[in-house]
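Below, chain A partners chain B and then partners chain C, in two separate complexes.
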Partner chain A sequence: MSSAQSQSLAVAEAAAPASALPRRAQKFSARRIGAVSWWFVVPALAFYFFVVLWPSIEGGAYAFTNWDGLSATKDFVGLAQFQRILTDPAGVGAVVHTLVIAVAITLVQNLVGLLLALGVHTKIKSRNILRVALFTPAVITPVATGYLWKYLMTPDGAINQILGFFGLTWLQHDWLGDSNIALWSIVATVVWQFAGYSMVIFLAGLQGVPEDVLEASTLDGAGPFRRFWYVVRPELAPAITINLMLSIIGGLKLFDQVWVMTSGGPGTSTDTMSTLIYKNAFQFGDFSYGIAMALVLTVFVAILSSAQYKLLGKQGGSK
Partner chain B sequence: MHKKSLLALSVAVAAAVSLSACAGGSSSSSGDAKTLTLAATTNEKPALDAVVAKFKEQNPGVDVKYTTSALDQYQTTTRTQLSSGTAPDVVFVWPGEGNPMATQVVAKAGYLEDLSNQSWANSFPSGIKPVTQYNGKTYSAAVTFSGIGAVYNMTAMNQAGLTPPTTWSGLLQFCSQAKAKGKTAFELGAQTNWVTQLIPYSLTPTLVYGPNPSFPEDMSNGKATFANSKWSDAMNKYLQMQNAGCFQANPLGTDYNASLAAVAKGNALSVIQVNSAVAAISQQATQGTQLNLLPVPATDNASDTRMAGAAGSTYGVNAHAKNKDLAIKFMNFLESPDGMNLYAQTNKALPAVPNDSFKVDPALATLQQDQKDGKTDAFMDQNWPNARVQQTLFQVVQDLLAGKTDISSALKQMDSAYTQGS
Partner chain C sequence: MNRYTWRTFILEAVMVLVGIVFFLPVYILINLALKKPDDASSPLAPATSLTFQNFSDAWSQANLGQALVTSAFVTVFSVAIIVAISALAAYPLARVTKRWSRWLFFIFMIGLLLPFQLALIPLYTTIRDLGLLGNPVSLVLYYAGLQVPFSVFLYTGFIRAVPLDYEEAASIDGAGPMRSFFSVIFPLVRPITGTVIILNVLHVWNDFLTPLLYLSGSSQQTVPVALFSFVSQYVSQWNLVFAGLVITIAPILIAYFAMQKTIIKGFASGLKG
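Now for the complex of A and B:
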């Protein structure tokens, strides 16, 4: 058999409908394809194991020691570092701030992202330029965004100057120096950066909404709100799920912007679990305690995000 | 084994091997005998530029590769490098103990070379020697002597018709006079957390450490605490300064750079800072601007006034240095009068070991005189048992300025941090 003939036979065999093959051959073929597929996954799995899993496991083990991050010696201390977390007053504050940030970012970022997506999912001429412009902040590194907004939010910065220019002096604030509003200033910065990111995901969902169904609902007399609620929203459910999941995980892990803009201050008013982990591990020389906090945060994120996924999944969010 | 499986396995093993190499880091960097590696904080860069150039000039064929980074980043990176065996030959360290990269912390972990045999090891003045040592052996070399005080823009002061205060009452009066002239008396960049400590550091030599030189030992022995000491007076005076309008409107929203810029422009008349701020302000101010670093009065008796003055820029040799001989040679150069004076001159500091050939910057003349007269006390954190105390001080001062805590609770938090790592 020539090689061309054998190739065309193989292609024909692959293209043949499964039902045309005997049952045993079908099972064998599926098993063989499955086995071969696994080999294709091995490089990626190996990469994931050596770059993510193994360092994480090895690092996580330090939480059960008293290593200071520098000394050659370390002793096994069991769960002592985890017990410290329960009695650390700074830890409680950080958990509260982390939750506030995560909830606020999740709600506001997705609401703004959805409104932007609905706005640019129209036939206006500049929609493509608007989409690019609104997405652009998401490609800037969070550290750069933090520095940019820190500069804009200084007492003599652009925001207060603009407010003053429009006679809104009563709105001028020490945005990052006032411990009552510093946390919200950080939330605003994160929303500014990632609302465009949520918008893109919503936009992808909106493009899957069938035009004929929308037209039919319009003919049936549904107004814009009813059309959104009963036709668009169910179709957007997967986009909502993924957006909520990404933003809540991002909010719980938030570090860069907080560190750059306030370093957790004034005082501890913007300390999050991530900044506290950093401080303990690298500034206080209490590395193993920092790792223990990081493990708790990981479990925290996993529980919250999987609970949210299941909840939304039950409502048809994971189509 | 099946041919395809074999191929896939080979790919997997190759990937795993290459990734293992990645995970091991780039510790195999070369260490040829003519190349010295060094790392320090960004503040040290101008001085390093000068001394490295001079060292290379004196040692033809020698190359010095040095990196500088911001304080937080430096501490994090260098600790990681030391523990993973990839640190440079010479590292910047802090004197004493109360810092993650302090001499005694790093020496205790076994990462600093014992330098006790070097000729200069015993030449440090009594105020500096203990903070370069661990267990009686010398592990670091102090190059400069630094001080904390008020850096006055004398040009702006003259224009406003004001003179630096020498008593506490005079200081409060100075604040109101400056305010009347539309100027800030003391610009405070309290958004940058380490800046928050400088006012207590400038007041406690007069209030705490001068009257009771054994206060650090008393604390260490459990006989004294922050809460039950004159530290409360210092914190009270900090708040008095805030209430008297000594600072600008939003100190917690102002960072270090902005505070120096305000003094350089003459919008503020002074800033309480480390002597290195003299150089930083000079660079930003118009040519000919006169600056002066002076002690901050804390009582109404001018002769009581002392300054915080201590070992400043300090270096150690990595115990696992690839080029230990060259590293020690560089340290010997730094500790020579030529090297030390060049370093101090460039960084607007004083040499750690006073010598007659050093030409003092007029802005630092008072610091030099106080050093000679023994009217200086070591930076407080150099005698604290762990890094948590200093970090707690940063936090409680911000809380105090924001009205979120009171002095008693603030000092109790510091006491608690002190005992945690003792």
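Now for the complex of A and C:
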């Protein structure tokens, strides 16, 4: 958790290079406003406490009970709910699917986003309209993009029709009905929607790449790959950190697209932790099992995002 | 390096092709919504005889008018509260260097890590006990709390970068902290307020799981949930479904195309810190 703070501090500092305030002014300000403005925090803190902090603590506690959400029985059962996750094939499956989705989305979305950014950040005339077009899916309601792709991926949907048109009938599949590929079809949908998002963040990073250094390295005979690795990549470090963080967390929590496209099916082949939390808590009346899974998800998010930050943050996450 | 060479032209051609492929699903979406249900032509073939019947059917059968009003209500009020309380809270967090200030900032930042699924179920019982299930007000309160950490984070970083001179001048002129905040700080941080508004509006408008839970069974639904129950009913009539999708994403797309520069900048700058 301390990593969240240090990360945000690092990012905030990176964004605020002008924080070299005169010492006298800082003291002055602390004396002037330090005593009174404590109250300014209270409304935000109150909302945050009642909506996020306290229910999260409560949620964490329920994971160690057998409460079904309605009845009066609320017995302490220790780690029994967590053992159930490990012995329940659906539970293990959901954990595996969630990790696969998170890793696949993180890798593919960022690779595509980076290539798009490098392509758009050039002298091409269509760069502005391309930026707008490629970012468009990112603002559309995920439920709507889910349905759109659900249709495109039906056996007689647009994708199979286009493949048929080009004579690629051997590539035609029941994209969401085949339990071997349904998970990947969902990954593709999410990548389509958010690759432009990654691109926009990479583009912001590319603004900082010094043009003269690029030109000098070209004159010195550096090819495009060496130019990218030695000149562009260091400048992109903060954008990479933020992109990876966003896509890992987004992938781990993925619900909307899965729910409208497959509801976890066929069978349980696309159930993620989020869909299983929802099913257990609100459809199967298994409140505390759902919440135990939510706690596991929390731990995953915390571990993966802080590991990722440690790994990349040192490389100059805050420059 | 600065000239438009044949290499640039090839890159341009490739990128335009990529852009078209990316945009194709959106085209199919709108195209299909304009076609008659018995039109068996390819989804790529432009609609020859346009029909708007799908739109009026979807509008009335999915109760989309009601849903748009509910979504607008929830979005406007929750984002207004988020902006007000987050900017206010960020002021002392950015300016006061005492220990409590750093601790509070840390406590807010914990919220960036907690997945909302953890709080979702206990909060559901609380809202049920308060009798707010099915009431859009529950969503306003929920988003106001949920989006505080992220918004406080953006505001604090931005206020730290504002020179103290303006507040100094204001306080010499006799302004208290309240006055300094409203007359000096808040106007100065307008760019980040834009970012906070854009990111939160999109999040609240597009959110699906929370309204699915908190408004289930009531006649007041937000757009994504109305869409969800509508599609579950008419799942095989894709022309109708797509008309419903077009109606619901139209407000966002219009806003996006009208303000694309600001919005893209908001995403990039906001997430850069």
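Methods note: the second predicted complex is superposed on the first by the 266 of 319 C-alpha atoms of A that agree within 3 Å, B and C clash if a C-alpha of one lies under 4 Å from a C-alpha of the other, contacts with A are read in each partner's own complex, and residues count from 1 in each chain.
Keep this in mind: a contact is a pair of C-beta atoms (placed from the backbone, for glycine too) under 8 Å apart; a residue touches a chain by one contact, two chains touch by 3 or more.
A quick note: this is a predicted structure, and the numbers were derived from the prediction, not measured.
In the superposition on chain A, A:155 contacts chain B only, with no contact to chain C. Of the two partner chains placed around the shared chain by superposition, chain B is the only one that A:177 touches, whereas chain C remains out of contact.
When both complexes are overlaid on chain A, the residue A:121 reaches neither chain B nor chain C. By the touch criterion defined above, A:55 lies against chain B and chain C together after alignment on the C-alpha atoms of chain A. Of the two partner chains placed around the shared chain by superposition, chain C is the only one that A:218 touches, whereas chain B remains out of contact.
Of the two partner chains placed by the overlay, neither chain B nor chain C lies in contact with A:97. In the superposed pair of complexes, A:282 makes contact with chain B and with chain C alike. Counted by residues of chain A touched, the larger count belongs to C, out of chain B and chain C.
Touch criterion met: A:43 reaches chain B and chain C at once. The interface of chain A with chain B overlaps its interface with chain C at residues 36, 40, 43, 47, 50-51, 54-55, 69, 282. Listing the residues of chain A that touch chain B in their complex gives 36, 39-40, 42-43, 46-47, 50-51, 54-55, 68-72, 153-155, 174-179, 262-263, 265-269, 279, 282-286. Across the interface of their complex, chain A is touched by residues 4-5, 8-9, 11-12, 15-16, 19-20, 22-23, 72, 75-76, 79-80, 82-83, 100, 105-106, 108-111, 190-191, 193, 249-255, 258, 386-388, 391, 394-396, 398-399, 401-402, 404-405, 421 of chain B. The touching residues of chain C, counted against chain A in their complex, run 1-4, 8, 11-12, 14-16, 18-19, 22-23, 25-26, 28-29, 32, 42-44, 81, 84-86, 88-89, 91-93, 95-98, 100, 104-123, 125-126, 141-142, 144-146, 148-149, 152-153, 156-158, 160-161, 163-165, 167-168, 171, 176-177, 180-181, 202, 205-206, 208-209, 213, 223-224, 227-228, 231, 238, 241-242, 245, 248-249, 252-253, 256-257, 260, 263-264, 267-269, 271-273.
Listed in rising order, the residues of chain A touching chain C in the complex are 1, 4-5, 8, 11-12, 14-19, 21-22, 25-26, 28-30, 32-34, 36-38, 40-41, 43-45, 47-56, 58-60, 62, 69, 116, 119-120, 122-127, 129-144, 147-149, 151-152, 157-158, 161-162, 165, 192, 195-197, 200-201, 203-205, 214-215, 218, 238-239, 242, 246, 249, 252-253, 255-256, 259-260, 273-274, 277-278, 281-282, 287, 290-291, 294-295, 297-298, 301-302, 305.
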